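Here the structure comes first, spelled out in C-alpha cells, and everything after it is commentary.
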Amino acid sequence: MKRVTLALGVLVSLALFPAAAQGANIHYWIGAVPTEWNVVPSGRDPVTGNTFLPTQTTMNTVVYKRFTRNWGQLMPNRFWVGDNDGIPGPTIRAREGDTVFVHFRNMDTMFGQSHSMHFHGFHYDFSSDGAFVPGVTGVAANVPVGRNVTYRLRARRGSVGVWPYHTHSPSMHMPESKTLYGMIVIRGRNERKPVRENIVVFSEHLGFQTINGRAFIGNTPTFRSRVGERVQWNVMAIGDSHHTYHLHGHRWRFAGQNIDTRNVGPAESWKFRITEDEPGTWLYHCHVNFHMDAGMVGLYQVAGRSARGTSGGFEGLLAGRP
Amino acid sequence: MKRVTLALGVLVSLALFPAAAQGANIHYWIGAVPTEWNVVPSGRDPVTGNTFLPTQTTMNTVVYKRFTRNWGQLMPNRFWVGDNDGIPGPTIRAREGDTVFVHFRNMDTMFGQSHSMHFHGFHYDFSSDGAFVPGVTGVAANVPVGRNVTYRLRARRGSVGVWPYHTHSPSMHMPESKTLYGMIVIRGRNERKPVRENIVVFSEHLGFQTINGRAFIGNTPTFRSRVGERVQWNVMAIGDSHHTYHLHGHRWRFAGQNIDTRNVGPAESWKFRITEDEPGTWLYHCHVNFHMDAGMVGLYQVAGRSARGTSGGFEGLLAGRP
Amino acid sequence: MKRVTLALGVLVSLALFPAAAQGANIHYWIGAVPTEWNVVPSGRDPVTGNTFLPTQTTMNTVVYKRFTRNWGQLMPNRFWVGDNDGIPGPTIRAREGDTVFVHFRNMDTMFGQSHSMHFHGFHYDFSSDGAFVPGVTGVAANVPVGRNVTYRLRARRGSVGVWPYHTHSPSMHMPESKTLYGMIVIRGRNERKPVRENIVVFSEHLGFQTINGRAFIGNTPTFRSRVGERVQWNVMAIGDSHHTYHLHGHRWRFAGQNIDTRNVGPAESWKFRITEDEPGTWLYHCHVNFHMDAGMVGLYQVAGRSARGTSGGFEGLLAGRP
C-alpha cells in the first residue's frame, strides 16, 4: 500500500511538474554528529564585562555536519554553506526547478538517540517528510544510530525563499536534539544572487540567547561588507521564543512599510536585501531586552567604498559562487 | 441620552450603508453553558507515550453552545459551524452585506458569573460591543445569569476575513471564562467558498497547549481532504501566548513571501487557501517547541485524487452549504 | 581618523542626497532627567475594583524630557509632541528631507549612570548611532552625567513611518534606564497629516503592563475624536514582551487583510489610519489576556458628527500644527 502511494506520487510528480526537469540534481551528505559546543568561547560579554567559566558555557550535544560525496570526509569550512561547525548546520542551497537529495546518516553514538531531518519550503512526497507521526511514518522520521536515509526534495515556484530544517523525530524534545537545525536558501530560477548573504539563526542554549549557537559580541558572527554591495540577510528562529530582529543604521520594506525591526517566531524565516551605503560598525540583535542582555547580539562591519584590505574570505561573501 | 445615541446610530447606518440592505438577516441563538471538558480524552500523547489521568485533564467550565431558533434545543453537530461541543464555540458565518443577530443567554448556573459576547471584525453600534467599560456600558457587557441580550452585527466590506469572538465581561479573567471563545467567518459578497474549511484555535487550558480545546494527536482535530480540493485554513489564537502555526508539506503566500509558518498572537486571526496536491498524513502544529510538546499538534490527512471511501461527513467539509 | 570618517560621511551625504537640502533643519533639546513616576496615579483598576498603594506603584527613575532652545527651560505640555511628562519621551517629528539635530544632555544626577539616545528609522552617520559597541564607539554612545552630545539625523524616503528611540548605553539593562524611550514620527514630503494622532507605547514597569507608562483605565491615555475625522494610531512596544494591539469597533488593512488586532514585539512600530465613523466609548488594549489584566488597556471616546463641546485641547489633536 505504501509502495503504491509512493509510486503514485512519483507519477503525479512527473505528470504535473515537467518544468522541474530543467533544474539540477543536487546531493548533500549530512550526518547527525556528536560534538562538544561552547556557547561563549571568549568566556566574556564585552558590553558588561561579565565573565563565564567553560563549565557554564559548554555542552555535549548533536549537530548536523556536511560530508563530501559518499561520506568521504567532513567538508572543510565553506562560507557559502556555513562554516560546518554545526550550529547552524550546513546551509542547503537550491534554485527553483532543482531536485535536492539529502543523504542523512545518524552518527549519534554519544546519546544513542534516533534523529531525522524535516525540511520546510521544499515540495516532497510524504515519505520524505522526516516528521514522526505515530503509526504512520517509517524509518525516515526516526532514523536509528548507524542508519542512512535519503530525502528527496523539489524546489518549486512556491519554494523560493529561506527556510528552516531541523530534526522531527520523537527525540526532538531532548536537550541534545535542540541543536539539530539549519537553514535552506532557495532562489528563483533567474534571481540575481547577492554579493553577501548573512545567516542569522536565533535560538537558546544553556540559558543563553544565541545567534548561530553563540552568545555575546565576539562569539556571534561578525558580518562584513562594503558600500555598494548587495547584501542579503536571512533570519530565522528555532526553539521556544519569539524574537524581534533589529539591524542598526539600516531599513527595509515589509508589507508596504519601512521597517528596521521585525518579529520572528519559532520556525518563521525571512530575508531582506539592502544595497549597502552605511559605513560603520553596526549592531544587529534581538530587540527583546533580556534576550540581548543574554547574548543575542552581534556586529556588522561596513567598510567605505574606497576601503582596501577587506575583500575576500569573509563569512557571507558569495562572489564567484552559484 | 443613551437612547438618543442608539437612535442616531441607526439613522447613520441607514443613511451611510444602504448596500447592507441587499444582505440577509441571520439569527444565532448562543448560550453560555456550564460543561465538563476533558482536554485529553484519550489520556495519552501518542508521540511520547506519556499517559494522563482524567483528574489531570478534566475541568468544569463554561462554553458557548448554539441552540435552534428561539432556544428550542441544542443544535446537533453541524460541521459547517463547528461541532457545537463548546471549544471553540459555534462558528458564526456571514457574507458581506449581511446583518447578524446573535441572541445570547447566560446559562452559567454552575459559577453564577456574568458573561458577554464581544465580536471582532463586524461593524456594530457601541451598544452591541459586549465589552465592559466601567461607568459606561450596560447589561450587554455584563449579562447576569438567566438574562438574554441580542447583539446586532453588520458585515461590511472591511469585515471580510476570519475573526475571534469571546467574552469581555468583568469576569473574563476567571478560569471558567477562558473557555468562552469561538470564530467568525465572513466572506465577500461573491467570494467562492472553499470545499473544506479547517478551523484551528490555539489556546491553553489546565497547563496543556490546546487546539480547539484539546491536546495531543488523536484529541485535536484530524482534518481530511483529497487532492484537487480547495482547502481553507482559518487560524486564530486566544489567551496569553504567541504561537507560530506550521503546516507540513504545504506553503502559501503572505506579504509577498512564500511561507509555511506564521505568527499568531492572542486575538490575531488569518486564513489561507491551498489547492490540495500533496497526499499524505501531515502534521499541523504550533512551532514553539514546548507548545508542541504540551499538546499543540494535530493531523491532516490528504487522500490521493483517485482515492475512494473518504468522501462525505468529514469535519471541515463545506460542499453543498452556503 | 574619526574626523576623516565624519568628513567623508558629510561629503557622501552631500553628493548622494542633494534632495535633502530642500528639507528643514529641526532642533530638539532633550535631557535624561531623574523623576518620580507613578504607574497607577488613581491607585485603582476600575474594571476589577482592585486598589494599590502609592508605594506599590511609584518608582524613582530617569526619563527623556524636552527643553526649549539652548536648554532654556522644560517645555510645557504640547500635545503634538506628547505631554513631556517623561514616558514616553517627547515625540520627535520630521518630514522626508528634513535633518534633525537632537541635542542630548545627561542630567541623571540621581543614579549617576551614563545614558545615550539611539534612533530607529532615520539615516545617520555611524558617529550618531548612540549604541555602545565595545572598543569602537565614543562618548555619543555612553554620555556621562553632565555631558552634551548632538545627534544628526536625516529623514530620507525609507525613513517615512513611526519608530522608537531609546537609550543604548551599557547601562540600558538597569531598571532606571528602562523608562528612557519615546517615538519618532516621520511623514512623507507631501503626506497629508491626520486630524488626530494617538501614540500608544506598550512596555512593563513595576510588574504592571503599561501604556505610555501607566496602567489601568483612567491612568492610560483616554483618546478622543469625532465622526468624520482622520485619526492615525501609532503603536510600538519596548521591553521584554510581545503584545497584540486591539482596537474595539474598528478595522484596518494590513498585508492585504482586514484586521483589528496586530502583533507588536519589542521595538516594532507601525501606524494605521481610520476615517472615524464609529461613535462610542471604545477600549483599546493588548489582547494578551494577562497583560490586559495587568493594566494594558485604555479608552477611546468618539463623539457623533453633531456633537458639541469636544473640540480643542485633546491629547492627539493635530489641527493647526505642521
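Note that the chains are named A, B and C in the order they appear, and that numbering of residues resets to 1 at the start of each chain.
Just so we're on the same page, contacts are C-beta pairs under 8 Å (C-beta built on N, C-alpha and C of every residue); 3 or more make two chains touch, one makes a residue touch a chain.
Predicted, not measured: the structure shown is a model, and the values here were computed from it.
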{"item": "Partition of the remaining chains by touching, absent chain B", "value": "one piece"}
{"item": "Angle of the C-alpha superposing rotation, chain A to chain C, to the nearest 5 degrees", "value": "120"}
{"item": "Interface sides of chain A and chain B: same vs different residues, half threshold", "value": "different"}
{"item": "Distance from the mean Cα position of chain B to that of chain A, given in whole angstrom", "value": "35"}
{"item": "Of all residues in chain B, the ones touching two or more other chains", "value": "242, 255, 263"}
{"item": "Sites on chain A touched by chain C in the complex", "value": "46-48, 217, 242-244, 246, 248-249, 251-253, 255-263, 277-283, 287-290, 293, 299, 304"}
{"item": "Chain B - residues contacting chain C, complex", "value": "5, 8-9, 12, 16, 118, 120-121, 123-126, 129, 131-137, 158-161, 163, 170, 172-173, 178, 238-242, 254-255, 263, 265-270"}
